[in-house]
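Presented below are the structures under discussion, each in the form of structure tokens.
Each of the two complexes below includes chain A, the first together with chain B, the second together with chain C.
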Partner chain A sequence: MSNPAETKPLPIKVITISVVLIWLFLAAFPFLWTMWGSFKVEGDFFSRANWFNAITGPVTERQHGSPFTLAGYEGAWIEQEFWKAVINTAIVTVFVVIISLTLGTLGGYALARSGFKYTFWLLMAALVFRAMPHVTLVSGYLLPFFQLNIWGYLPTTIIVLVAINQPFTLWMLHSFFLSIPKDLDEAAMVDGCTRFQAFRLAIIPVMWPGVITTGLFSFLLAYNDFTVTSMLLSQENQTMIPQINAFLGSTQEEGKVMYAVAAVVSAIIPLFVLILFFQRQIVSGLTAGAVKG
Partner chain B sequence: MPHKTFLSFIWPSLVAMLLFIALPIVSVGFQSLYVEHEQVLVVGETCGPFGCTEEVSVDAAAMAALRAEQPAGQFNGLGTYTNASHLATDEIAEIFATSENFSEIRNRIMNLPFYKALIFTLSYTFIVTPLVIILGFIIAVAVNAVPAMLKGPVIFFSLIPMLVTPLVGSLVLFWMIDSRGIIGAALQSIFGDPSLSLKASPTLTWITLFVYGVWHSAPFAFVVFYAGLQTVPRDTMESAMVDGANRWERIRFVTIPYLMPLATFIALMQLMDNFRVFEPIIGFSAAASATSLSYLIYNDLRAAESPLFGSAAATSMLTIIGVIILLLPVLRQNWREFNRKT
Partner chain C sequence: MARLRLKNVNKRWGSFVGVDNFDLDIADQEFLVLLGPSGCGKSTTMRMIAGLEDVTEGEILFDDTVVNDMDPKDRDISMVFQSYGLYPNLSVYENIRFPLRVRKIPKEKHDEMVMEAVRMTELEDYIHRRPAELSGGQRQRVALGRAIVRRPNIFLMDEPLSNLDAKLRVSTRAQIKNLQSKLKITTVYVTHDQIEAMTLADRVVVMNAGKIQQVGTPTDIYDNPANVFVASFIGSPAMNLVQGTLENGVFEAEGIRVEGLPLAVSGNVTLGFRAEDAEIVEGPAQISSPVYSIELLGEASMITWRLAGSLVSIKTHKEYRADIGAVVNAAVPASICHLFDTASGERIAHG
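Right, the complex of A and B next:
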């Protein structure tokens, strides 16, 4: 920096750097530790003798002949059939993202372009709906779903997740469409387009940054959901996160805890990759609501 | 945009929200007025080689018929709301009538499941939210001051605790604070107490959950504040410098007032999210010493024999009322702003 008033004295530099490093450690270490530990056996990851065993892995070496083992992953993915849950999660997330973006772009666009008072009430209702704890909604679903005999299937859960996701999607896309100048689609309409054609020809080509950002958050909601999926899916249609919770119930025996550890790490890795590629979009999405009020 | 066009754009999204958010709330309200059917008992005689004995058993066929006829159960009015596992009006009246001092009242109220959950939920909401804002602000100011090459990795790793689902995040920490895990073992050696366990006492469990909550949400506050810091106007900052404001005064009188609207936004989001705290309680297996409103509902729905729909629905209604009370100030403020604009 050229401005001499902005050069910092040494103590302040030391303090800021150490705050940042401490935070970096707090945020990253638990995950790195668990990832490393997932290649060990229970005797090392939960070592009674010495915590350092979790790093060097002497028990793992004794049992498997090398300080790293895939036993936990084998147990979780093959023996406990975690792969089925992974496939279910993939189905649920793909459909939830596609459907909620389709509904959300149409609705968000309408909310952004209509000046009537009821748009305000719709947005406020969406805010209240967003604040509803999901488990209260689930307690409303169960009985009707049992009666209609649609409980336990993936499509039901997908639709429910789309609906739960709508308030957030609407808010986000609404504020994104507000940032696209009105002139763009109005000019198209002056040229003779209907509203829908204007949307298709003038808005869709420029809306992708906002849609991708919103889509990331829809993905996260569907991928991370525990409440809805654990209550609305039958055992064989279970997704990853409820499946991990189910592991915990049955993992009291020696060694089975490592299945859950391996499954947890398997569920975290895709998020790592996602953040790696979309860090900028996620950050802009998190701050979008804040900056625009 | 004419009403008709508006409707043709928004109806799919509107239908989804009405069917799966508004209608379930109505359904919850309806269910909360009903309780499960009483069990139909039949007395049967079983005769063995040593004579006959009378046995009372549940008549499964009659129960099934009853359930088919009235799936929601029998009408109970507001009975479920006032019973011992919800508002417990009788118990509260008795506690106030027979207790001598405040701490006795407090202890006895803490034994009622609904109030225990309510107190935890409120403490969690109102302790974690301010801590998240403060910690997020400190990290944002610090990160803003370090060399640019550090910023990317810091943001990358900060996003992980927030974006990982609470159940998974809390499990990761839960395994570390196990007395055989690294944090648990470290605490034992720091305090020189080999029997120390974070899972044992209710107070320590509460603190663990609070710490988890801050760890999980601080990145959100950090990212929002950090983005806000990039837009602090340079002119104001420079004129503050010219006027002789030192580093602290610049933060206190320029940065903080400028970021205040962001703090309100974070507080709103955090209040909503923290009020439904639930997954960490499962992740940390903390239900014995800390339950939240959402956890109570989950637990009722998971009840071993058949789900307690009535009880879950009553708790849900009370939770929804809580959410609305929490949001009232925000709604009022939005209403004023909207009126000013139009």
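Right, the complex of A and C next:
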């Protein structure tokens, strides 16, 4: 068995590998730099004297007796109570994902199987709303939310994020369902299932990769959102991203910027865990062919 | 075990008529085949019986119960789909067990029932495989096994052999026939392949454009086609059909003249006869015309003429040779002829 990569001429191989390496470096460098720097003090990470200080950390050593310090993490997590923002983010993302997926699988399935002509226009309309900048939607919400006295709470934000995310979820799951032959539901119904049982027992097991991929996109939307959460949440209900932004905004106080850096690194970790955990499903979900029987 | 009745069943989508006034009584344990060209409404009819498609008008009865508003699961049927419809995430064993599981049949009976179906479909060596790891023929047998595991009232099969290669089709066909006669379950089988229909059916329903053309035993349909459509659809090669005029019991068209036909009819008629009934002869005969082509089929030769615009073929012994363009005569006695009204296409009389 000859691997196609091995049969390529040498110059092409060199070029391919260099491009991949350069790309990897460009993509990974900012992250690695930030991660390394998060264990330093501001004087090193934002050193005016020598950028190399960010790597060796002389100021950190002078202040804390070692080139590494957890001061940034301590300040963010304990002093500034970043853990509260983490909990808020967890609540928001978990609920957004669960609600989006529930509505999306049921709605996507119904649209895929109904065969009505309006399906296409419904999905088109949904896509238009998804394409709008979030800020245009959110500014419209502000006044009614103040008047109804529901501004600042997590459930309000969850509902708005679900509303923004739903068209996309619906669209994506709809196309996954379309790729599953109708014979499968029909076989299940003849075998003794109700429509809902056919959905649950025959379709969903085949749909897992699609559901997980769509779920991941919903998760990312809720997790990374800044516009909606920063405008709709009160100070005590703040989620991670607006919180990090607030740390960055207060540069006059020495050291607070390092809280932001530490918080950023903390915020990235869950994403890595998630992608490692679900990578097989995500890959087969993105290459939708795997859904077919 | 059930008798199945369709009373003037109609299926329409908007103004499009999928099935037109389908009226049929299917006896208990009968093997009924719906035969017709693609798009003629066979699947739609079957799906209405299964409850997968609503009936626009008319009634479907299982024994004496109207099932129009019953869900598929309550109809006690099982169905084999053209694309099999197997559950890709389940093993062969679990695929076959699925109907037992969802119908809440006591667990301790499952293994015995599944293994019996596995034996009948000869899948013993594959029970732990997933459908993706099976060949087309094996998948088809899993679908069959899943259909028989739970002795339903009625079997429905929608072109179950059309995705198999020719050889496998013949052996699976025999297996289906054998299973049905052992299980004695009323079966409705859809196909566009007339050989499948002829070999399997107790009775054949020939359909075209949503309408029943003829209902009868395979012999019936072969020997007495009810109209030009059935005559041209059944048989291989199909019946020869020549348009001409009938006067005083004599049929005439370019290159053909048949005497001794019924005196009662006259006017524009279509004369039909089967390739294997006619015979090449020396000397004067009913057909006398230049040969259009000659084909060697292996076991026989086929001589073709062009008469009044239609191609007419006759089979003869395999050593027979003739030049294209040479005049060849053939005997087409009145006794082998079928007459159809040219305008309506309906059968008039047997010669």
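Methods note: the second predicted complex is superposed on the first by the 259 of 293 C-alpha atoms of A that agree within 3 Å, B and C clash if a C-alpha of one lies under 4 Å from a C-alpha of the other, contacts with A are read in each partner's own complex, and residues count from 1 in each chain.
As a working rule, a contact is a pair of C-beta atoms (placed from the backbone, for glycine too) under 8 Å apart; a residue touches a chain by one contact, two chains touch by 3 or more.
Everything numeric here is computed off the predicted structure, so don't read it as measured data.
Within the superposed three-chain arrangement, the count of touched residues of chain A is higher for B, of the candidates chain B and chain C. Legend: residue contacts after superposition of the two complexes on their common chain; A:201 is shown touching chain C, with no touch to chain B.
With both structures placed on the common chain, the touch criterion links A:137 to chain B but leaves chain C unconnected.
In the superposition on chain A, A:167 makes contact with chain B only, not with chain C. Shared-chain residue A:183: touches chain C; no touch with chain B. Judged by the touch definition given at the top, the superposed model places A:245 against chain B, while chain C stays out of reach.
Taken together, the two structures place residues 293 of chain A in contact with chain B in one case and with chain C in the other.
Listed in rising order, the residues of chain B touching chain A in the complex are 1, 3, 5-6, 8-10, 12-14, 16-17, 19-28, 31, 71-72, 138-139, 141-143, 145-146, 150, 152-161, 163-168, 171-173, 175-176, 178, 180-182, 185-186, 215, 219-220, 223-224, 227-228, 231, 241, 247, 261-262, 265-266, 269, 272, 275-276, 278-279, 282, 293-294, 297-298, 300-301, 307, 309, 312-313, 316, 319-320, 323-324, 326-327, 330-331, 334-335, 338, 342. For chain A in complex with chain C, the touching residues are 181, 183-184, 186-194, 197, 201-202, 205-206, 292-293. Partner chain B is touched in their complex by these residues of chain A: 5, 8, 12-13, 15-17, 19-20, 23-24, 26-28, 30-31, 33-34, 37, 45-48, 51, 54, 102-104, 106-107, 109-111, 113-117, 120, 122, 124-144, 146-147, 159-160, 162-164, 166-167, 170, 195-196, 199, 220, 223-227, 231, 241, 244-245, 248, 257, 260-261, 264, 267-268, 271-272, 274-276, 279, 282-284, 286-287, 289-291, 293. Residue ranges of chain C in contact with chain A, taken from their complex: 50-52, 71-73, 77-79, 81-89, 98-99, 102-103, 131-132, 146, 156.
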